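Pasting the structures in now, so scroll down.
Each of the next two complexes has chain A plus one other chain: chain B in the first, chain C in the second.
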Partner chain A sequence: MLSKKNKEAFFNPLSKDNPVLVQILGICSALAVTASLEPAIVMGISVIAVLAFSNVIISFLRKTVPTNIRIIVQLVVVAALVIIVQQILIAYNYDVSKKLSVFIGLIITNCILMGRLEAFAMHNSPWPSFLDGIGNGLGYTIVLLIVAFFRELLGSGTLFGYHVIPQWCYEHGYMDNGLMILPPMALITVGCIIWVHRSRNKELQEN
Partner chain B sequence: MNKNSNTYQILYAAVMVLLVGTVLAFIYMALKPKQNENIANDTRKQILSALHIGADDDAKIKETYEKYIIQDLLVDLEGNIVDSAQNVAFDVPMKKNVKLPKEERLLPVMKCKLDDGSIKYVLPVYGAGLWGPIWGYIAVNADGNSIYGANFSHEGETPGLGARITEQAFQDLFVDKHLFVEGEFKSVAVLKKGQKTTNGAEQIDALTGATITSRGVSDMMADCLAPYEAFLKKLGGDGGAQCTADAVESETNDNQPE
Partner chain C sequence: MKALRKFMDKIQPSFRPGGKLAKLESVYDGMETFLFTPNATSRSGAHIHDGNDLKRTMITVVVALIPALLFGMYNIGYQHYLAIGQPDAGWFTMFLFGLLALLPVIVVSYAVGLGIEFIGAQIHHKEIQEGFLVTGILIPLIVPINTPLWMTAIATAFAVIFAKEVFGGTGMNIFNVALITRAFLFFAYPSRMSGDEAFVKVDSAFGMGDGSMIDTFTGATPLGQIATNVGDSLQMTNILGEPISCLDAFIGLIPGSPGETSMIAILLGAALLLITGIASWRIMCSVFVGGLAMSALVHVLPSATYPASMLDPWTQLCLGGFAFGAVFMATDPVTGARTNVGQYIYGFLIGVFAILIRVYNSGYPEGMMLAILLMNAFAPLIDHCVVSSNIKRRARRAATKE
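Then we have the complex of A and B:
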């Protein structure tokens, strides 16, 4: 069940081969949905679900898929799963689905998805593909959460919508930094995370 | 069978699309009632927000809504009430409605009674932004002239630019503006700083970087509120011929502390 290879498929994307920090994929949505923690979590869970299931489905189909139309087949599978996620969100978490608006739909174009399908699921059996999907989804979600944590804390003084910065700080002149809410700061935060990540993983540093 | 033959590829694609289509159709049908309820509750939330009533508890929105909205009305161009059945105004499909010529439109009005006993009228508006539809709810004071509150929503305006019409700061600019100027209906214009209206309507500042969305709000207000002219006049919106000192005074008394 958890051979060395499977473990690698699951754990590598968390840090050493992180889709956002190392492969620099899926940056667009990482900027857009990280102004606060709640949409970031929902987005993360959605990506994990879509990635894991599309990996499994494509892995099951991999021997029957005609090579010429494999990208189309992958797209149809991903698109179907994304629509399902979107419909479920509208039915059970309408407010968050409104906040995420187009970004759930844009999971289809998230490079992480197509990247994993082409690079992994087309050549591996369902179980490792499932682990690979969960691993990459988690790797993406972790980065999203770190970014959202700092942006929400410094930008709105809240975490999950609850005020955490005490009132006396405001009374002594502390102010929320509105710039943190804007997209550029997401990019800078991601940059800082990549910096810290590389300084701790020497093998990732390029000359 | 040869995996790369044309027949195989076409068959493969056809079967896949059929299967996926069936699954999606089934899921859509299964979730539809729940989704419709959410959308209706969201609309109620927007209407309450135009009345400065916050409704955080999702479970109670319907209850709160029914407490404050005391009557649904449909009026005609002459300002007569043609229908007042339950939810008759709430159920008007605004998207189709605004496409009709003014004479054929249904004109929904939601009559509300606030905690302090004051009466407000909520008028729905619907128009076009830059990328898609925008809509909103305008709460008018019982004098039929000054605006008590406004709420705007959009489908896909640019975040940080056009999407800012949903921000409280923008919506609050409409508060206390007058739809009638010297007894004539003018609506409220949304214009860039420095620009002046040609017809003398009261104006508020447009959003920076969102020229088309701002113009959309302005046009939507003018287009959707104009048919209510007679109805608002009946409430005394034109100031009953004399709209000077008394009217202004009574309006200031109407202002609710927020």
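Then we have the complex of A and C:
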């Protein structure tokens, strides 16, 4: 069940082979949905779900799909899953689905998905593919949450919508940093995380 | 002097590798070259040098900034005493007030910026570069005087780390560090960067100049007033509501960032920069030409929707940070274009974009900062195009001769 290879498939994407920090994939949505924590966490869960199940489905189909139409098959599978996720969100969490707008739909084009399907699910059996999907989804979500934490805290003074910076700070002249809400700071925050991550993992540093 | 030299020699060994304070070697080097001329010059071979090194270049720019700095201090006091209803407070009182108001900003800017450079140099085991010398004095001159010090500190730290150290330190930055500081403040704390209470010091400085604002006080800069102007006629007023003209803007007794208001002071600095050959006259002139051309163009079709288009071209150039940016920011040799033809293009486009943003984007009453930052990004591309077109032309010439 959890052989060494499976463990690697699950744990590597969390840090050493993180899709955002190391492969620099999925940056676009990391910019768009991280202005506050709530949409970030919903986005993360959606990506985990879509990634895990599309990995499993493609892994089941991997021997029957002709090579030259495999991308189309992968897209159909991902698109179907994304629509299910989108409908569930609209049904049960309408406000957040409004905030995420097109970005749930754009999970289809998220490079992490195509990358994992091509690189992993096409060559591995369903169970490792499932673990790989969960692992990569989690790796993506962790980065999203760190970015969203700093952007929401410094940009709006809130966490999950609750005010955490005490009122007396504002009375003494503290102000929320409006730049943190703007997309450039998401990139710079991701950059800082990569900076810290690389300086802790020397083997990842390129020369 | 000799005692100092002896002292430096005595403590030197402990900063060299193996010594107690080897980690602080760059601090020692920085202090030593600051105090004495470094004697690490070549002794043999053919080397042609003039006496101009990075340090002297930087100091020349700082000297060129002094007129704008002194006038800025006076103007801070002048505006403040005007606002509290004591217009006859005397020029020395006004200057002292401005000095006390601006000094903390200068101290904060230098402390934060140099502090980060010191730490960076220690981490990378490099010598401390004197690149922050100019940036540190530019920041207080372009940041609105009422900005809280902690905001200036954060913005300076952000700019030095993300616009300079990340790219490799002095001489490697793509964007002008002082302008990044201002841009950070502008986008992070927009409510403190515009409106009535940004550009005129409203509270007292170290207990000096106490008093409450007069009732008719409006602290908006001329460009700020123009951006919200309604109707077919343009009216700029000073902070008491009295009308002002182009001449007032030329002399500089109007509200604005400390360094940018006085055209006269800026032109004095420009003269020094041009005589010493520190700044590129190509960039400086072409910025003014570009600005003039664009403001003449927009003035052909003035409309009430874009009030700034009703300004005549000369007033356009005198107002806001246009002249300051053209003289001290656009000419930054690190972030600007380097080829001769490239410098004309680079400067001209800065002028054009500054006026374009000023007139047609009502969200940004002042376009100089954004125009320079935009062209900073394009400067390498301009240089590349100029160089490769030169290569092509010469290759063609060589081909036809054969």
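By our rule, the second predicted complex is superposed on the first by the 207 of 207 C-alpha atoms of A that agree within 3 Å, B and C clash if a C-alpha of one lies under 4 Å from a C-alpha of the other, contacts with A are read in each partner's own complex, and residues count from 1 in each chain.
Here, a residue touches a chain if its C-beta (ideal position, glycine included) is under 8 Å from a C-beta of that chain, and two chains touch if they have at least 3 such contacts.
As the structure is a prediction and not an experimental result, all values here were calculated from the model.
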Touching A:Gly173 in the superposition: chain B (first), chain C (second), both, neither?
second
Using the touch definition from the top, say if A:Ser199 reaches chain B (first), chain C (second), both or neither.
neither
So, A:Leu182: does it touch chain B (first), chain C (second), both, or neither?
both
Quick check on the superposed pair: does A:Val102 touch chain B, chain C, both, or neither? Answer first, second, both or neither.
first
Taking the superposition as given, does A:Thr64 touch the first partner, chain B, the second, chain C, both, or neither?
first
Let me check the overlay on chain A: which residues of chain A are in contact with chain B and also with chain C?
182
Enumerate the contact residues on chain C facing chain A in the complex.
148, 150-151, 154, 162, 184, 187-192
Using the touch definition up top, name the residues of chain A that touch chain C in the complex.
173, 175, 177-180, 182, 188
Please output the residues of chain B touching chain A within their complex, sorted ascending.
3-4, 8-9, 12-13, 16-17, 20, 23-24, 27-28, 31, 34-35, 38-39, 41-42, 58, 156, 159-160
Touching chain B in the complex, chain A uses residues 32, 64-69, 72-73, 76-77, 80, 83-84, 87-88, 90-92, 94-95, 98, 101-102, 182-183
